[in-house]
Structures are given as structure tokens and as C-alpha cells.
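As written, the chains take the letters A, B, C, D, E and F, and residue 1 is the first residue of each chain.
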Amino acid sequence: MTLIANIIIALFILVGVFFTVVTVVGVLRLPDVYTRAHAASKSATLGVLGILIGVFLHFWWIKGHFSIQLLLGSVFLFITSPVGGHLMSRAAYMSGVKPTELTVGDDLQEAIGEQKSREED
Amino acid sequence: MELLMAIVAGILFTAAIYLILSRSLIKVILGTGLLSHGAHLFILTMGGLGGSAPPVLIDGVTEFADPLPQALILTAIVISFGVTAFILVLAYRTYAVHKTDDLNSMKGNDEHD
Amino acid sequence: MKKNNVILQTTAKVTFFIISLFSIHIFFAGHFAPGGGFVGGLLTTGAIVLLLLAFDLETVQATLPFNFTIVIGIGLLLSLGTAAGAILFNVPFFTHAFAHFDLPLFGDTELHTAMIFDSGVYLVVVGAAITIIQSIGGDE
Amino acid sequence: MINLLLFPIIIPFFFAIVLLFFKEQVRIQRILTVIGLSASIVAAFSLIMKVKQDGIQTLTLGSWPAPFGITMVSDMFSALLVTSTLVITLFVAIYSFSSIGEERERFFYYPAILFMITGVNGAFTTGDIFNMFVFFEVLLIASYLLIVLGGEKRQLRESIKYILVNVISSAFFVITIAYLYSIVGTLNMADIGQKIADIGQPGIVSVIGVLLLLVFGIKAGIFPLYFWMPGSYAAPPVPILALFGALLTKVGVYAITRTYTLFFVNDLAFTHTILMVLALLTIVAGCIGALAYFDLKQIIIYNILIAIGVILFGVSLMNEAGMQGAVFYLIHDMLIKGALFLIIGIMIHVTGTSNLREMGGLIKTHAPLGWLFLIAAFGLAGIPPLSGFVGKLLIVQGGFEHGQLFGTIVILLSSLIVLLSVIRIFIYAFWGEPVALQPTNRKTYKHMMFPTVILVALSVLYGVGTEWIFPYVSDAAHVLLDPSSYINAVLKE
Amino acid sequence: MEFVWFIFLPALAALFIPTLFRRVAGIHTGWFVLIIPVVLFVYYSTYLPLTASGEHAVSSFDWIPSLGISFVSYLDGLSLLFTLLITGIGALVVLYSIFYLDRHKEKLGNFYVYLLLFMTAMLGVVQSDNVISLYLFWELTSISSFLLIGYWYTRDGSRFGALKSMMITVGGGLMMLGGFVILGILGDTYSIRELISRLSDYSGDPLFTLAAVLLLLGAFTKSAQFPFYIWLPDAMEAPTPVSAYLHSATMVKAGLYLVARFTPIFAESSVWIWLVSGIGLLTLMWGSFFAVKQTDLKGILAFSTVSQLGLIMSLLGAGAIAYHSDDTLFRLAMFAAIFHLVNHAVFKGSLFMIAGIVDHETGTRDIRKLGGLMSVMPISFTVAFIGGLSMAGIPPFGGFLSKELFLESMVALKHFELFNFDTWGILFPVIAWLASVFTFVYSFYFVFKTFTGEKKFDKLPLKPHEAPIGMLISPIILAVSVIALFFIPNVVGKWLVAPAVMAAQPQLYSLPSEAAVHVQAWHGFEYIPMWLTAGVIAIGALLFTSIKKWQPVYGLQPEKLSLNALYDSAMTFSEKGMNKLSRFYMNGLIRTYLLYMFAFFSVMTIVVLFAKGAFKLDMSSLSPITLFAVMNAIVAILGTGMVIMSKNRISAIIALGAVGYSVALFFVLFKAPDLALTQLVIETISVALFLLAFRHLPALKTHGETKQNKLVNGIIAIGVGLSVTLVALSAHSNKLVSSISQYYKDTVYTEAGGGNIVNVILVDYRGFDTLFEIAVLSIAGIAVLGMIKLRLSRKESDDEKE
Amino acid sequence: MKIFIWISLIIIFLSMLGTLVRVFKGPSTPDRLIALDGIGVMLISIIALLSIVFDTIFFIDVILLIAIMSFIGTVSFSKFIEKGAIIDRDTHR
């Protein structure tokens, strides 16, 4: 029983570690802010969720301690992480960080332009 | 471990003092921030780092980290928070009035008529 | 430019409650597990800061219509009062008392005067931190 | 009333909190301040009586046994200091009614004063080294509030220096406590004293002694740690300056005295020689400054340095006469500095400047002020029978008994410099051709005079009535010289 | 009634003077004041028979008995003599002042208050048996003298003179206090009588000589001895009654009194004898020589006073020799000293009053403008003539007698063989004689330049005429006394001088009559002093007549080398020099101040650490190093580096936050969950605060900091970092006593009812800390509020704009 | 199991150091910010795993706390970068 539990836990943690590594590779290798933000917010969230679940299960199954905080933490991260990513990207954009050359289109540019012209009316 | 931590705290102190000695008000404030970090680490280090469990009673655990330095640090942290907030506001008020953040231009030895 | 903050504001509302709950949990956990008045108060402050970030000073002021200077005063009085209660019994200042009660809903509960003291701490921390943040944020 | 010794700390604290609720009602604030301070004074006086009667008073907070909880200890030394602090504050507060201005009063001026007094009295009373740090922080942050209150250009500029220096000193204080804790494993001052005596003060403890001297020296303003002081103290309005000058530096002096009589008493030849040399250098530095300036505030501020040097010299002698003199002089200096600052406040109010060169002939229009100043000045210089004399006499006596001829003669000569510096004020401001004065409100002048006169009168009384005060001073010195009495009272062995 | 209170009578009376002056405008306030010295004079005269029989009277009242300080009125021959001088001349001076000072123009209220204060002070000095109260009155004389000299406070000269006299005399007084304290320690008493009786216990102590020197500093400054005399000429800015009273008859004699009083103690010391007699003689010579240089009438008198004081001082020194030699000649010296002291008080008082009259009636005191006044002011001239000749030592005036005694004593010194006097003794009579010649010259110079010779009335500011009779009464009384002293010296000797001599040398005499010297004008032709006097008159007359020819000699002395110039440059240095000095290191830069502090801190710490051999590194007590901690340490250090390096403020804040978080991680690693929680929250909120505040702050700028500055900063920073680390390591390696923490672990559940020890410490064991820590937070809160909301400088800047 | 957790921990720690490189390199402030956010997340992982290593539940609160705090930090930083002011007085103006 404990073995199975341990294996499941290890699996979750492994997933978490994997995504974390992905994150760091992404953050280091991707060309511009926006892509890096993408890597950071998504894979990092996944990574931490994996680990949190693993740890949660560890305490629940092995130690017999049902930790609400860990669950709450997972939920919280799940909610806030994307929002954080969104905000950061937006901030980057607004502060004028140029996207990489490879970028295909820039919709927001137009949207802001429209809004500005509307305000000027 | 204590050796290492003392050195880390010492480095924090060094950096803090280096910053405090600079001319820019902002750097000085950053320096005070580092200074308090260094001080807290020193307290922790001096209390001994060998504790095997957090100082919270739990069945079956008898060896704890020394709780007293922790309590002291907690007090010190809160105090330095208050002071940091104060210094920040003071800094920007000073900047607003003096129109500069260069400490060299805030000499003020006008008493030397 | 009109600000588009819908995402943040919605998240903030949700998380505000999570954080508040957590802060209360941390506050009460204090005596037996990590936590206590400080962290609790600071967390509550964090929650309010989040609201401030997402909305603005006036909205938050309307939602939480406290004079935080008064909150500081109340908190300090509470803490001091708890400590000074000992004077009435002519025992050294700060002598706490505690007892275990068997309350219907919570089971065996320890009631401790330190708790009142800690709530004073909580109030002061919230009051002071918010006072500072409000003042700076409100400064032109 | 086992909690009696806490009242001089708690009452101002309580009133400070209550004042927070009356932010806009200046009148209520004033009344409450006076009530609070008067009540504290009553408590402080009864504390002195109690200590005189029953010896050292201790209180272990929370009923925890001595080294574990925080112990508050009131020996005669601290009781005297607490009382003088409160008395001075009361008069400064009354003085503020007419001089500080309503804007400041509305922005927590009185609560800040009361908080500061809480900190000062706490620092004087506490028997726990970390608790002392906390009280230091209380008084410091309150002093930050006071020094910057009003946000005038010069205030802001000097506040930065003041605060920076104090933040640094706090950091060093904290780590020094940590070092001490590492070595002796306790925070209770009596316990520390005991344990250091037990282990025979190894070298490292002396190092910590020096560190503590530096930490407290920053607050006390000893050489070469005083440089921030003249500028910073001169920035805020006069009542605040009076409080700072009269009280804050004395906290540092108290802390040095306490630690150097309780902890580091096993290697006097080393630690106390350092203290003595620094004290003498402080006197020299103070003398240079006191002569160098033509600014009222600066002159008196530098006189603080001289006084601190004199007191610490007395402490460093570690003999009866020296210690009695130091205690006597310490309280004298609190009173007289408070009074002098209030007087120069009035002079600045009347003339609109603090530059001596722009004053003159005030004796013609403000004769009582002139005589008041002259009395205070002579008191400061230690002209008998005014208050500075007996303290200095005892310190000189202690110095000669100790065989420290050179230092003692420096002390004597410093009196001359003090006299020169303050008489110069008298000659420039009160004598000479009268200069044209801005019309000022005579009523305000009178209101400012009232507390000032009383404070000067008190200092005169302190000097003339030495015989009544002497037993108390003698008790205080006795405890300082005999650490075991302090230790026994706390640890109840 | 205890007669010690009579000392305070004048001071008490002074309390009523301002009221009297204001309310009773019709009568000159002086008349009320006059009552005091007269009453006192009469009262104290009643003690004459007592002291003449060698007894004394004591009355005392304790001031600080715990320290052995009391007010004692000890009346023996010496103190009674001075007391009578003070009250007697005091009465005459007050009388004189009534006519000298105009009651409408002058602030008599102040004047008489000071004068009465001075009277109390002076009585206290001479009657105190307790050295501490003696010191008290001593300083009080300095203060009242200061106030009196500065009486016309709008004049520059008055202020200058007042400050000068105060600085020098108070400084001397302080040194004297040092001497007193040493005596007090040695003899374990502050009472002079007891000190004398215990002399043998301590006279061999090494501090004894120091006490003598310190005491003499007090006496020399007060009695205007070389080189401290410089204050006296400047003190002449005081109203003339004051000069007559304080600066010739009484206050300057306090130093002489002190020397006489302490002769029984210090006569043991060779240093004392050499200093007193040597400095006295030097002063005599110096003063008499430079008196001729002066052009101000009061200046001449001031220098003459200096020289006369020197004369008496040297006699006192010679008198102390009586303890070492049986030669009756030395016993004569003390008698001569006291006798001349009386003489001087009388004739100099009269001369000052005449100088005042001349000033009052002609409007000038410049001797170059004066001349021929004899015709219009015959009475004044007569008085001046009598006083002047007495001063010159010419019969038939009192001065002659004491001058002869003086010369006799000086001749005797030649033979004295102790303390190397046999080698240098010959100088004494020579200098004494030379000085007497100059004394003769300046006396004549003063009298005859003013009253005879060419009349230059048209150059005078006022039209000269004889003074009103009221103003003349006092000088006339004094002039009569001068003559009387010549004819009844032995009466005076018996009642006044001999008791005083006995008081000054109590070990030598048991009855005053033994001390009495029969004074006579004619000793026969073998009497050397007679020939010396004749020589003085001959050479003196020669010099006086040729004064125009040699007076330019004085111009040879460069002004810069004079003692006055020394004082002036000291004063300038104390203002300008100190300012410059202070400017040099007080440059207003916080960085500089911090550099001093840090440099001192690190040097001090490291030096002490190694000097005390306290540095120790105990590897055994270290806890094991964990990998995470090392990694985290790297993070913390990198973060720190980034804070320093970062070029913009956001990255600096990010880095600071990173350091904060790594500190939190340290807390986790070292088992401090509470700390970790708090640190995390606080760090975040701090960062938010920084960001908030950055809206109001500029971007990060280096302000062109030089490389050199950075280098210095770096070195200092490293020094401090190194010292704190080293101390930390040594402290850790010196864990000598186990911590008190175990108690908390044991009692936390049972007695405090909690489980989280840290939290229980915070709210219970050390709740007091927490209570005030939240107070700190609260104050920070209201401080921020106050700082932001209250802006008095806004008005300021608005003003600037307008 | 212990060893596995240790290895995971070290990997995550190294990742954290890697991310830290980004914090140093920048180039733009948002880059650093993003990296910092990532570090916060990794810190959570580390502490979660450390709880297993230390065998204590007392650090679990820290996890949630870091989550909250890093969110607040992220929001304030982004607002600062975007607008320069992180708290508005009044959005409707």
C-alpha cells in the first residue's frame, strides 16, 4: 500500500520536476518577454501543481494529515498564476518592450489605437 | 554552517554599508533594507543553527531549534518594517522638497555662518 | 485611456476571500502552530493591498469604511488592556490566564488571555500597515 | 502595588494611545497630556520613595521567574532618571502649547512625545537587554516622528542623517545582543552580569563591551560617533530639540553606565580606560564645537557633548565620588539642558533668528529672560551653588582619588569653555546695542516663560537643595558600584 | 543669632534694591545701600578686641553636610582685617557712587544689586573656613565683577573687559577648586582649620605640590599676578567706584588673602615659596615698569595696582620662609605684607576716586590731554598728592613705612639658604629696588602730569571745576587715613595687623603681640632700607624729570608679542579657529560622518578583538553544512551583488526582494516557520511600499560618484563586514554558558498553555517586547501619516516663489 | 524515496538558479519579473519538498503564503511597470 502510494506521489513529483525544468529552459532559451512569460506562467504552474499534489498526497496517505492549506494553495496558484502572467505580459507590452522579430501579428496595437482614437473624439 | 552563515550575514552587512555610503538616497534606503536582513541572519546564526525541528510542540519531538532568537528576530523584523516604511516616505518627501536625491547636495552646514 | 482591469478585479475579489480566510486561520493557529497576530495581520493587510491594487483607494475606502488610525488605537488599547488587567489582581503586569473549556461546537478549546493580546497585535498591524499604504497611495 | 515601577512607563503609553482618538481636538490633547504626565510624575515620585524605603524594586512580567521572563528593575538610578524625564517633559509640553503651533499639535505631536517618554522610561527601567532594544526603538521611532514633523526643508534634510545613523546603530545593537546571547545564553541583564562574572570576562566579552559602547555611544553622542548630532538636533522646533537634548542622549549615557557597571566590571583596566579616553575626547570635541559656532542651538548642542563627556568620565572612574558625581551631574544636565533649550527657544521667538550676530541688547527689552539665561548658564558651567557644581565637584574628587590628574584638569578646564560659550551668548544677545525686533506677541512670550522659569527654578533648587537629594544620589551610585546588589535583587538569591 | 548670616545680608538687601529704585525715585538708591556696609562695619568692629587677643569667633551653618560642605563665618585676625576693609571701603565707595552716578541716567537698580552681591561674595571669601564655600564666594566675586565691568553693556570695551576678567579669574578659580579638592582628599576635610591641624598626615603626599600649584593659579589670576594680570587694565571699563572698590581695594586682594590663609599649609613646600615670592616680585617689576607706559589715568592705576599686588605677594612668599628660618627678619615679612595691604587699600582707593573725579569733571582720563588741574581742583590735588606720595613710599605717609619693611625683607632673602635661595637670593633685593624706582616714577607721573604743568583746558570735553563736596568726602577720609597710618602705625599694628599675621602663621605665635613688629620711621643710619629709599627717591626723581626722553622705549615692544595679544589671539582662535577646525571635519555630509563612525567601529573592533586575544574559531561546535543552505547562500549573495550593481531601481528592488525571499528560505532551512511566514509577508509588503514610493522618487542615479569614493566606501564596508563576521565567529566559538531556552521548552505547554514556543514567547514570556513592538509599528504608521499630510514647507516654498 | 526527493529538490534548486540568471540578464524589467515569478513558484515547490524532507507540516502555511505573496508582488510590479503608480486614488477620474 505504502509502496503504491509512494509511487503515485513520486509520479506527481516527477511531473512537477519535469515541468519545472521545462520552465527554466523556456525562460532561458525563448526569444522574447512574451514567449518567456508563456513558458513561465503555464509550465511553472503545472510543475508546482504536480509537486503540491504529490506533497499533499504524501502527507495525506503517509502521515495521515489532510492538509487544507496545500489544497487551497494549489487552487490559489491555479487561479492567480495565469492572471499574473497576463498582467506581466500586459505590463511588458505597455511599457514598450518589443516582441521578437518572429512575431506574426499585433492585435493589441490596433485595439489600443482604436481606443485612443475613440477617446480623442 | 555557522561559519558560512556568519560570512553571508557579513557580506550582507558589507553590501549594506557600501550602499549606505553612496550618494544616492535610493541606494541608501536599499542599503538599510540589506542591513536589517544581515542583522536578522546574525541573530539566527548566533542562536545556533543545529536545531532539528521547528520550535513547535508536537508529539514525539523533543529536540527543537532555539526558539528565543527566533522570537527576537520576529520582533526585529516588525520593527525594521516600520522603520523602512518611514524611511521610504521620508526619502520621497525629501526628494519632493529638495528636488534632488543626491545626498551630497544636502550638506546643510549653514550653521557655520 | 480607460483601464481594463476586469480580469484582475475578478481575481482579486476571489482571492481576497481566500487570503482573508487564510489570515484568520493563521491568526488562530498562532498559539499551537506557526502563525499568530503578526502574520495574520500582515496577511489581512496583504489582502487589502490586493484590493487596493485591483481597485482604487476610494472604492476600498467605501468598502472598508474604517479610520485605520482608530484601529491602531483600539488595537493598542486591547493589547495594553489585556496586559494591564493583571494590575487589577495585583499580580505582575502581563500575567496571562488560560483554561480549557469543553465548548459544544469546537470540542476541547483552550481560552487564553494571550489570544486577546494577540488580537490587539492583529489590529495594530492591520491598522498601521494600511495607514501607511493609504497615506502613500493617496499622496499626490 | 507590585506594579508600581511600571506606571511611569504605562501611564504615558496609555495616554498616548488615548490621544490617537482625539486627533483633531487639540484642546483635549493638551489637557490629557498634562494629566497623563502629572499622573506619571506622581507615580514616579512614589516609586522613588518606595525604592528609598525598600531597596531595588523588581517585577518579572507575566510572573515568569527572573531570567526567563522580562524583568523590570527600578533601582534609585533609574527611578531618578525616570522622574526627571517626566518632569522635564511636562514643562516642555506646557511650553509647546504656545510655541509649537496647532498644525503640529494636530498631527500627533503630543502622542509622539508621550510615546517617546514611554520609550525613554522603559529603557531606563528595563532589566532585559533585548527589551531595552525594543524601548530604544520606541523612543527612536517617536523621535523620528518628532524630528520630521512639519516637513520643513531643513528638517527633512537633517532627519535623513538622524534616522540613518540610528538605523545603523540599531542594527549593530541587535547583532551585539546576538553576540552576547551566544556567549552567555541569556538576555536578562542581571543574569548576564552574573554569568560574565562567573566566567571571568574573557576577551570576547570585552570586545562586546566595546561594541556596546559604540552602539550606545552613537545615541549618547560620544566621540567620534557624535558627528550627526549637531546638525540633526538643530533641525526641529525648539521644544522637540529640548526633549532630544535633555533626554535622548541621556538614554545612551544611561545604557553605557548600566552596562559598564553591571556587565563589564571584571576588566576595568581595559574597558574603562577606553571609556575614559573616549569621554575626554568627547569633551574636547564638544569644546571645539561650542566655541566654533555663533548659532544658539549649536552652542547648546555642543554643550551636551561636553556634559556627556564629563558624566562618562565620572562613570569610568568606578569609585564612589566619581559615580555619585556622574549620577548627580546626569540629572543636573537633563534639567539644565531642558531649561536652556527652552530659554533659547524664547530668544529665537523674540528675535526671529538663532544667529547670535544678529542679536543684541535684549536685556533692555527682556530683562527677566536675560537673568534667567544667566542663571541657567552659570548652572551649566557649574558655578556654585547652582546645580552643576556638586556633580562636577564629586567627579573632580573622584578623578583625583583615581589618580587621573590630567583627565581631571581637562574636566575643570571644560567648565571654563562651557562658561565662555554660554557667556558669549549672553554678551552677544543680551548686551550690546539693541537691534530692532519684530513685534511679537507678549502673551505668547509670557506663556513660554512660565514653564521655563519653573524649570530653571527646579534646577536651582536641585543645586541648592543638594543635601535633600544627596541620599538618593548616593543610593543610586551605591547600586551602580555594587553590581551584586542589583543582581541579587533581580535573581532573588 | 548666628553671625554667619551677616555674610548674606548684602545679598538679601539686594533683593529689595530694584523695587526701591523703581518706587522711590526721589532719593538716590545709594543712600539705602549705604546703610548695609556701615552697619556691617560697625558690627564687625566689635570683634576687634576678640581677635586682638588672639581668639577667634566661629559661626556656621551646614549646606551639604553629607559632603562636608558648610557655610562658616570664621573670624580671626586675618579675616576680620579683610572684613573691615571690605565693609569700610565699601561704605566709602557707596557714598562716593551716590554722587558719581546720576540717578536719572543710570540703572542704579542693577548697579547696586551687583555691588551688594559682590559684598556678600567678598565677605564670604574672607570668612569661609570651608574651602568649598570659599570657592563658591570666590566665583561669585568673579561673576559680580563681570556684571559690574559690563555695567555699560553697550560699550564694546566693557563687554570685552568683562569677558576677559571673567575668563581669567573663573579659570583660575577652577584650578583652585582642583587644589581644594586635592586638599580635601588628602586631609579628608574641607575645613581649613582642620586641614592645618592635620598637616603632618599628608604634607609628604605627591599630590601636595600639585595642590599648591593649582591653588596658586587661583590666587595669581585673582590678584592679577604675572602673566594673568592682563585682565585688570581692561577691567577699568567699569564705573570708577567699582574700580576703586573691586579692582584695587578688595577683590584683587582675595588672591593675597588666599595665599596668606594657606601659608600655614603650604609653607612646607619649596615650590610655593619660590612661586609666591618669585612671581610676586616679577609682577611688581613688570607692573611698575609698564605703568609709566599708560596714558589712561585708570590704566596707570591698574598697572600700579598690579605692581603693588606683586609686592605684597612677594612679601607673603618671604613670610612663608619664617617657617624654615628663625631669622626674625622673615617674621617681619608677613607683617610687612599685611601692613602694606592695608596701606595700599587706603591710598589706592583714594587715588581711584580722584581719577574718577577727574574723569567726571573733565570728561577724559587721557593723561596726554590733562594738565594743570591743580588750580581748579585744589582739594582733589591734595588728596592725590597724599595718596601718590604714599604709593611712592615717601614719608610722612603710610606707604613709606611698609615700603621700608618690604625692602628690609627682600634684603634678608639674600641670606636665606634653603631651596637654592642662596644662589638666586641676590636678585630679590635688586629687583625690588628697581621696581621701587619705577613705583616712584609712576606715582609722580600720575599726580603731577595731571595736576601740574601746562593747562590744556580747551582740549577737554568738559570745563573742569572742583568736584561737589559729596564726591570728595570719601577720598578725603582715605587721605586722612593715609596720614594717620604714618603716625599711628603701631596702633594699627596691634589691632589689625598683628592678629592677622598671627592668623596667617598660627604655628609660630601663640599671641598676637608676639607677631607685632614695632614700626618706626627712623632706624638710624646703619639701616640699609633707608639708604635704598634715598636711592629710590634720587634715581626716581631723575627718571621722572627725564620721562619724555626715555618713554619711547615702550614703543620698542612689538604689540604682537604682548600678553594681551596672546589673549586676543586665543579668543580669536576660539571663535574663528575653532570654526575653521570644526568646518574641517563637520562638513555636513552624512557620508563623511558615517565614514568616521564605520572606520572607528571596525578599527576599534578588530584591534580589541586581537589585542584581547579574543579571536577564536572553534570548528567543533559548528553544525553541519547542508547543500541547500549553501545554494541559498549563493542566491542571497548573488541577489546582494545585484542590488549593488543594478542600474535601475526596479531591478534593484527585485534583487532586494530576492534577497528577502532567500532570507525567508534560510528561515525555513533553519526551522523557523514563524519567521519564514513573517519575512515573506513583510518582504512583499515592503516591496509594494517601495513601488508605491517610487512614484514619488527619481530614477536611480549615481550622481557622478568618483572611483576613489567608491574605493573608500568599499574598503570601509569590507572592514565593517569583516569585523562583524569575526566577532560573530569568536562569539560563537565562545559559547560558555548554556542558553535559557530550555526553560521555555519545558514550561510552554504546562504553564503557558501553548504549543508554538516562538509565538508563546512573543505573546507571553516576552509579551512586553511585543506590546512595544506594535507600538513602534503604530508610531511608524502615524508618523507616515503626519509626514505626508503635514507640510509646513509648502508655505515656505510658496514664499520663495513670491 | 528520500533520495528521490533530494534529487528532485536539487533539480528544482538548480532550475531556480537558472531562472535567477534571467533575473540578472534581464534585459527588460518584465523579463526579470517573469523570472522572479517563476522563482516564487519554484520556491513553493522547494518548500513543499522540504516539508517532506524535514518531516514537518509547519511549513505548509508557508507554501500558501508564498503563493499569495508572489501574486501580490507580481500584480504590484506589473502595475508599476505599466503605470508607474500601483495604487490609484480614483479609477473613475
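The criterion applied here is as follows: a residue touches a chain if its C-beta (ideal position, glycine included) is under 8 Å from a C-beta of that chain, and two chains touch if they have at least 3 such contacts.
Since the model is a prediction, treat every value here as computed from it, not as a measurement.
Among the remaining chains, those touching chain B as well as chain C are D, E, F.
Shared contact partners of chain D and chain F, listed by label: B, C, E. The pair with more inter-chain C-beta contacts, choosing from B-F and E-F, is E-F. Innermost chain of the displayed assembly, by C-alpha centre distance to the whole-protein C-alpha centre, is D.
The chain with its Cα centre farthest from the Cα centre of chain F is E.
The mean-CA centres of chain C and chain D are about 37 angstrom from one another, to the nearest whole unit. Mean C-alpha positions place chain C and chain E at a centre distance of 63 Å. Chain D has its Cα centroid 27 Å from the Cα centroid of chain B.
Chain centres here are Cα means. That of chain A falls 30 Å from that of chain C. Counting only residues that touch two or more partner chains, chain F has 16, 29, 33, 54, 56, 58-59, 61-62, 64-65, 68-72, 75-77, 79-81, 86-87. Multi-chain contact residues of chain A (touching two or more other chains) are listed as 69, 72, 76, 80, 83, 87.
In chain B, the residues touching two or more other chains are 20, 25, 42, 45-48, 53-54, 56-58, 68, 74-75, 78-79, 82-83, 85-86, 88-91, 93, 97, 103, 106, 108-109, 112. Pairs of chains meeting the touch criterion: A-C, A-F, B-C, B-D, B-E, B-F, C-D, C-E, C-F, D-E, E-F. Note for the complex: chain A touches chain C at residues 69, 72, 75-76, 79-80, 83, 86-87, 112, 115-116, 119. On the chain E side of its complex with chain D, the touching residues are 62-67, 132-133, 135-136, 139-140, 143, 146, 150, 153-154, 159, 162-163, 166-167, 170-171, 174-175, 177-178, 181-182, 184-185, 207, 210, 574-575, 578-579, 581-583, 585-586, 588, 590, 592-594, 596-597, 600-601, 604-605, 608-609, 612-614, 616, 724, 727-728, 730-732, 734-741, 743-744, 764-769, 772-773, 775-776, 778-780, 782-783, 785-787, 789-793, 796-797.
The part of chain B that touches chain F in the complex is made up of residues 53-54, 56, 58. Residues 579, 582-583, 586-591, 594-595, 598, 617, 619, 621-626, 629-630, 633, 636-637, 640-641, 643-644, 649, 652-653, 656, 659-660, 663, 666-667, 670-675, 678-679, 682, 685-686, 689-690, 693, 696-698, 700-703, 705, 712-714, 716-718, 720-722, 724-725, 728-729, 731-732, 735, 739-741, 744-745, 748-749, 755-758, 761-762, 765-766, 769-770, 773-774, 776-777, 779-781, 783-784, 787-788, 793, 797 of chain E are the ones touching chain B in the complex. Listed in rising order, the residues of chain D touching chain C in the complex are 1-3, 6, 10, 13-14, 17-18, 20-21, 23, 59-63.
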